[in-house]
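Same chain, two partners: chain A is paired with chain B first, then with chain C.
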Partner chain A sequence: MNAALILIALATLGTAAVAMAGRNLLHSVILLAATWTGIAVFYLWAGAQFVAFAQVLVYLGAISMVVLFAVLLTRRAREESVAGPELKSRTFFSVLAGLAVAVVLLAAGASAPLAVSSGPAPEVTVRDLGVLLMGPDAAALLVAGVLLTIALIGAVVLAAGSGPDEGEDAP
Partner chain B sequence: MSQAPTSFLENAPVLVRDWATGFLPAPARWFANSLIDIVSILAVFGLLFAFLTLAERKILGRVQNRPGPNRVGWAGWMQPFADGIKMLTKEDVVPIAADRVLHFLAPVVILAFSILTFAVIPFGRNLVPLDLDAAVVYFFAASSSTELAVFMAGWSSHNKYSLFAAMRALAQLVSYELPLLLSFVPVVLATGKLSTTGIVAAQAGWKWGFVPHWLVFTPWGAAGFAIFMVSALAESNRSPFDLPEAESELIAGHLTEYSGFKYAIFFMAEYFGMCALSGMAVTLFLGGWQAPLPALEFIPSYAWFAIKLMALLFGFMWIRATLPRLRIDQLTRLAWKFLVPLALVNLGTTAFWFLSTDWSGPFQAIRWAVAVGLVILPAILLGRSLGSGLGPRTYRYA
Partner chain C sequence: MSPLHLCLAFSSLLFAVGLTGALARGNSILVLLGLELMLNAANLNFIAFWRFGPHGSPATGVVFVLFAIAVAAAETAVGLALIISMYRHQRNIRLPEATRLKG
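On to the complex of A and B.
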């Protein structure tokens, strides 16, 4: 049981680490897809079938596409898809953002009451999940939906904002 | 639920399997049973793929008033094996600038994910390889993961036309995934189940003794089935949506740099995807393995599934022979401006249908009329707006 968990964790973290260290953006995207699959396998291991399949459907099916399109549509030439931390300010801000996320996650993890129970895992059906999402957690769902919509509209505005004379002179 | 399975033929596959693995201890038996399931799926659908290529060429030939392949074997029946040997012995050319690892992985990934989708389709009353609680989500998760492989194929070829074609293919696949997913939501709404066996069981029985309770016989079910089939055509890259490949115009798109058996594997994945999506359409809308009439229940359930599957596959081929190819802008417009709104309206129609279940007498007629109107009116209105300004063309200098 635990050996499987260690394997899943190693595969997930390993692909994520290689994706971060790699110089080729496209390879990183595909490795990131492997990382997301690893997380889905972890959900499967934990017995959350629905969440695992939803993870694959959303991350492998949709988010990886978004990332791919973003990478391919913003790089002019193929060689440019090799990126590095050439700017000091960029490195600084990325480290800052990473630290901020890490602090938030650690704070949330430290403050959460992690009940350790040795009994059998509770049987959660898809119906229970749906009832929870549409009942007590409906507000959070709505807020997330509105946020994502705003982000989408913002992305469209940003993408459409560039002048018509740009982007045509690419080799 | 209908009568318990009694006939010998109905139970024969399971009996044979249990006879073959019965002498093993329990854990090994489970493993051996799973192995037999996997091998039989691979064998059946592998052979089906081989003969579907032949059937497709024969049917296309008949439609176009020519005989089709008729040289190898008896009237061309050995053609798939000749093709297989040809594909296996061809040289495997990899471009020198290609990303070799991804170039190799792309066909592997696409084939693996398209075979994974077969695991949850109930092929018969006793023939369910994997009975998952969230089987429908599993199916669509696996089938949407093949998109990544299309991109890998296009990008790793180091050919700008391949890359363009891959992006075009992704635009198409992402666009049509939405109506595909939205079209089965009413089914989940109606049956309250995400498991394929549960959905098939919910469609058992007959009204007045001869009208099956298949979901396609309700207004919203018919609309959902139509949307599902159109999106399935696009998702499996079939004509009239075969832009990703379009061998006559786009020299096979993202597959340009593939040769030999890798190319054949992409084809295999396409046919597997077509079979799996048709199988899912049968499961969701056409009652799965249920017989259409009570008197016909003596025919085993897997035969009914096969008949329905073949009918849908024949439909796919007929459409390929009949309709011309769409352009990429027409294709995405059809998805976003026609199919997605229709699928959303269809959700509302389904909600109305289940809010009015207790209407009786004349109200039943009103219920049907409202539901049919809710299906047909938006289709006509959206279709008009889609085709406005595109009147019949006149060719002045033709």
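On to the complex of A and C.
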């Protein structure tokens, strides 16, 4: 069981690290799609099938497509989906900060006295989730719906531009 | 090493990768993707504790992750709209060059 988890973790972390370090934005987005697939496989491994499907639908289906659109819309020439070089000092201190956070989190996780239950995964059927979302968690579902609506209207307003003189300085 | 500890190590490393990417890169799309990785690392923890932790109500972790995914989707939509707006104003999406509030 642990071997599968380690394999999933290595694949996910490897693709994420290469995506974050890469020069070509398109390659980064495609590698991050692989990362999100790895996370969905982790959810399946843990027995949370519904969350795995939600992850695939939302991240692979929606977010990676929107990010691809943004990458393609914000480049001027064919070769320009390449991220520019970063400052050496900035990279150095970012990696330092990342390593420090990783060490602190790993130490905290390894030393925490956790009560581990080794039994089977808790049974959560789609029916249970539906009853929860329509019953005790209905308020949260409504708030999430309002949040998504407002966010999407805001995104359209931000991205749609403001006046007829838009695009006059387009190349 | 128990599976729960391995899951925690996995999510810690994923969070660190996302944080490093968000801090190190100047391209705003990559910064946003680093933020997404950090959110995903938090979701991994919810599922890990739901699966291996002491059980309270059986669906709490799953419902929490579903709402977190919804909020992450909203955040990405607004973030990418901001990036496109920024590109329209200064023909550039690099954060170090985004030094004006009004374009």
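Assume the second predicted complex is superposed on the first by the 129 of 171 C-alpha atoms of A that agree within 3 Å, B and C clash if a C-alpha of one lies under 4 Å from a C-alpha of the other, contacts with A are read in each partner's own complex, and residues count from 1 in each chain.
Note that a residue touches a chain if its C-beta (ideal position, glycine included) is under 8 Å from a C-beta of that chain, and two chains touch if they have at least 3 such contacts.
Keep in mind that this is a model prediction, so the values were computed, not measured.
Between chain B and chain C, which makes contact with more of the residues in chain A?
C
Please work out whether A:F50 is in contact with chain B alone, chain C alone, both, or neither, and reply first, second, both or neither.
both
A:A62 contacts which: chain B (first), chain C (second), both, neither?
After superposition on chain A, A:A62 lies in contact with both partners, chain B and chain C.
Classify the contacts of A:L72 with the two partner chains as first (chain B alone), second (chain C alone), both, or neither.
In the superposition, A:L72 contacts chain B only.
Thinking of the overlay built on chain A, is A:A11 touched by chain B (first), by chain C (second), by both, or by neither?
Neither: A:A11 stays clear of chain B and chain C.
On chain A, what residues does chain B touch that chain C touches as well?
50, 54, 62, 69
Looking at the complex, which residues from chain B come into contact with chain A?
Touching chain A: residues 102, 132-134, 137-138, 140-142, 144-145, 147-148, 151-152, 155, 158, 163, 167, 170, 174, 177, 192, 194 of chain B.
Under the stated contact criterion, what part of chain A meets chain B in this complex?
26-27, 30, 33, 49-50, 53-54, 56-57, 60-62, 64-65, 68-69, 72, 78, 125-127
Which stretch or stretches of chain A touch chain C in the complex?
Going through chain A, the ones touching chain C are 1-2, 5-6, 8-9, 12-13, 16-17, 19-21, 25, 28-29, 32, 35-36, 39, 42-43, 46-48, 50-51, 54-55, 58-59, 62-63, 66-67, 69-71, 73-74, 76, 83-84, 86-87, 90-91, 93-95, 97-99, 101-102, 105-106, 109-110, 112, 114-118, 121-124, 128-129, 132-133, 137, 140, 144, 147-148, 151-152, 154-156, 158-159, 161, 166, 169.
Please output the residues of chain C touching chain A within their complex, sorted ascending.
Where chain C meets chain A, its residues are 1-10, 12-21, 23-27, 29-30, 32-34, 36-37, 40, 43-44, 47-48, 50-55, 58-59, 61-63, 65-67, 69-78, 80-85, 87-88, 91, 93-94, 96.
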